Amino acid sequence: MITLSSDFGAPYPAAMKGVILQRVDTRLVDVSHEFPRQDVRSAAFWLREVLPWFPPAVHLVVVDPGVGTDRRALVVRAGDHALVGPDNGVLLPAARALATAASANGDAAGGDGPVEVFEYAYGTPSSNTFHGRDVFAPAAAAVHGIGVDDLDAADRLTRTDGFEAVTFPDPSVDETGAEGEVLVVDGFGNVVTNVPGEVLADHVGEQTAVNGTEVPVVRAYAECEPGQRLVTVGSHGNVELAVNQGRGDDAFGLGPGQTVQLGW
Amino acid sequence: MITLSSDFGAPYPAAMKGVILQRVDTRLVDVSHEFPRQDVRSAAFWLREVLPWFPPAVHLVVVDPGVGTDRRALVVRAGDHALVGPDNGVLLPAARALATAASANGDAAGGDGPVEVFEYAYGTPSSNTFHGRDVFAPAAAAVHGIGVDDLDAADRLTRTDGFEAVTFPDPSVDETGAEGEVLVVDGFGNVVTNVPGEVLADHVGEQTAVNGTEVPVVRAYAECEPGQRLVTVGSHGNVELAVNQGRGDDAFGLGPGQTVQLGW
Amino acid sequence: MITLSSDFGAPYPAAMKGVILQRVDTRLVDVSHEFPRQDVRSAAFWLREVLPWFPPAVHLVVVDPGVGTDRRALVVRAGDHALVGPDNGVLLPAARALATAASANGDAAGGDGPVEVFEYAYGTPSSNTFHGRDVFAPAAAAVHGIGVDDLDAADRLTRTDGFEAVTFPDPSVDETGAEGEVLVVDGFGNVVTNVPGEVLADHVGEQTAVNGTEVPVVRAYAECEPGQRLVTVGSHGNVELAVNQGRGDDAFGLGPGQTVQLGW
């Protein structure tokens, strides 16, 4: 199985699929081609949330503002999974989540499920603007053909310790509240923060101050009236600011990178 | 085969696919993940129009404004098909259409192709905001594994007679015209009404009054000039208000739920 | 393998998939269903760029402003590929690119890889507004079943020499510059012209005048600062006007059909 993720919209992902299907016959699954354009950080977050739900696969990821420059191509092994994409940090949060999951299940060869990073040597691609088609899709097909267990023996792969990695900031939490930041806004307009959902555990049914405004803490969106603002724990386990049947980003006036203060 | 429908956009459907592919190895087909958000009624209409074109399948449907509340999860058997989703009415129009089609083909065990509704008992899901991933995708995989014919023996399924069902209003038709309402607007801006297309049969080539304005009745969009308003029979068999190579919703100023009066 | 392309958005393509899967069991790959609506020319361009990356397949293409009129349905054979769609020109650029590629690889039976065009005879479809579902999807399934090599023996197919074909204008190029036009704008806002990329070969690192304004010629987007305008060679091999991490169409004020003058 090969999954595909990009910020390409359409029809560019189809060219990647054609390139892969010229080389291997396997299931292809789209994760998303609608990641915010050139936003490595958002893609890294979403991949960390989504890829661990998949069975072992090769994950092709192309959110690549440095396309055509000398940034490297990477293959990252994480448990039974491999991730293929540019060396700009986008692969690492998902890889670490996959490795941790593998380790927790006792599936990781290395015991604690560390990631292993390889540089993928590519020649001169036929374009400088579409390495998804010309570099990464062939690489993903090659990795699928080689097999995740045999990457060490692959001609074009060399282990490397130096690579980019997106990291997400830690929130600060104490008994009076929490301060964190917005990581992403989803398609519903739900505002996903970096504050762990556990901080809400003792406050469900109460009000909390979100950047100074009182909002109810609920378990489910529909515990509020349509159009009402709320705070809840999202499916990623973090505090999420939302509006029942509406857009939290508009109501709270918040977007990625902005500060969120919760107090009780 | 499992089809997937939701109002999720991207990348949430990919998490559902991962969950399914952890459990079963079958073809996955997206119906749409762009249904209007939280709009159970629109999704119910589109599923009724689209699902009957499929061969026997399990249809996973998640348009679910009540996620995380105590609304139930349902499995509906209709001919050789099963539908899996929330008990908010979204499944029923499609299920009934599938059952009728099965009956018409002589495929339905029961003769007249009634639907059979089961409650699906789920434990405590890992989130209250993403039952697509945590409840319905596992349920769809389970139903696929059990097989549509063997649902009665499934542990988590219990027959139920009480369930929600979306219904669509009946239009009024007489020899002077018809009055109905807009059911949905499609991506082209075509305005789909609940008035049966047969009312236009004797009027093709004539003008009809649509909410008081004269518009030609045509067989095909391109029988009018680009930009011109028209009335025709859509692919769902209903009267449709459109603009050749333009948007009917803008030109007619109409959206879901609004009244449409046709007169001749 | 059957690929699907349209301007349908969602959920209409799912009905086509259902119709196909009722008839054949093969891999389905979406090329795009987001082609600009009723824009035969844009779709023809994108298909020419994308389909040659695929292994042998049947390519179903429905961008069809003449749906329901007496425009014909075509099947075009190109090397080991077949294309199925309306006789409005949309198929031909891709078909010719596929035939040329086949010929270059020595794969084309005919030596020089010409396209062969068949009219597909269809009865009275069940709708006049959705031939994708009622005419072309069944045709694509039938062509897949017959096999690309055996189209001559198919009941509903008759060779034809008269058919529509989209063509793209030739640019004018001399030692002082080039004049061409915008073919399409992609989802990133990159402005794709008909001027061959070779004209930039001797000018990388220099400035060029684009409609009178000086802009750097670069190999990769990221050679400029974010937000800066640039000229480069796109993945299609043509001159492309872009903004690093921004939208070239907005910055240059250009869209399909408009004139682009390059000078040095």
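Chains: A, B and C, in written order; residue numbering restarts at 1 for each.
We adopt the following convention: a contact is a pair of C-beta atoms (placed from the backbone, for glycine too) under 8 Å apart; a residue touches a chain by one contact, two chains touch by 3 or more.
Values in this document were obtained by computation on a predicted structure and should not be read as measured data.
Asker: Looking at which chains touch which, would you call it a line, ring, star, complete or other?
Answerer: Graph shape, chains as nodes and touching pairs as edges: complete.
Asker: Using just the Cα atoms, superpose subunit B onto subunit C and tell me the rotation angle to the nearest 5°.
Answerer: 120
Asker: Return the distance between the CA-based centres of subunit A and subunit B, expressed in whole Å.
Answerer: The computed centroid separation for subunit A versus subunit B comes out at 32 Å.
Asker: What positions in subunit A touch 2 or more of the other chains?
Answerer: none
Asker: For subunit A, which residues count as touching subunit B in their complex?
Answerer: By the definition above, subunit A touches subunit B via 1, 3, 5, 27, 29-35, 46, 49-55, 186-188, 190, 219-223, 232-235, 237, 240, 244-245.
Asker: Enumerate the contact residues on subunit A facing subunit C in the complex.
Answerer: Listed in rising order, the residues of subunit A that touch subunit C are 8-12, 14-15, 17-19, 21-22, 28, 37-38, 65-69, 127-130, 133-134.
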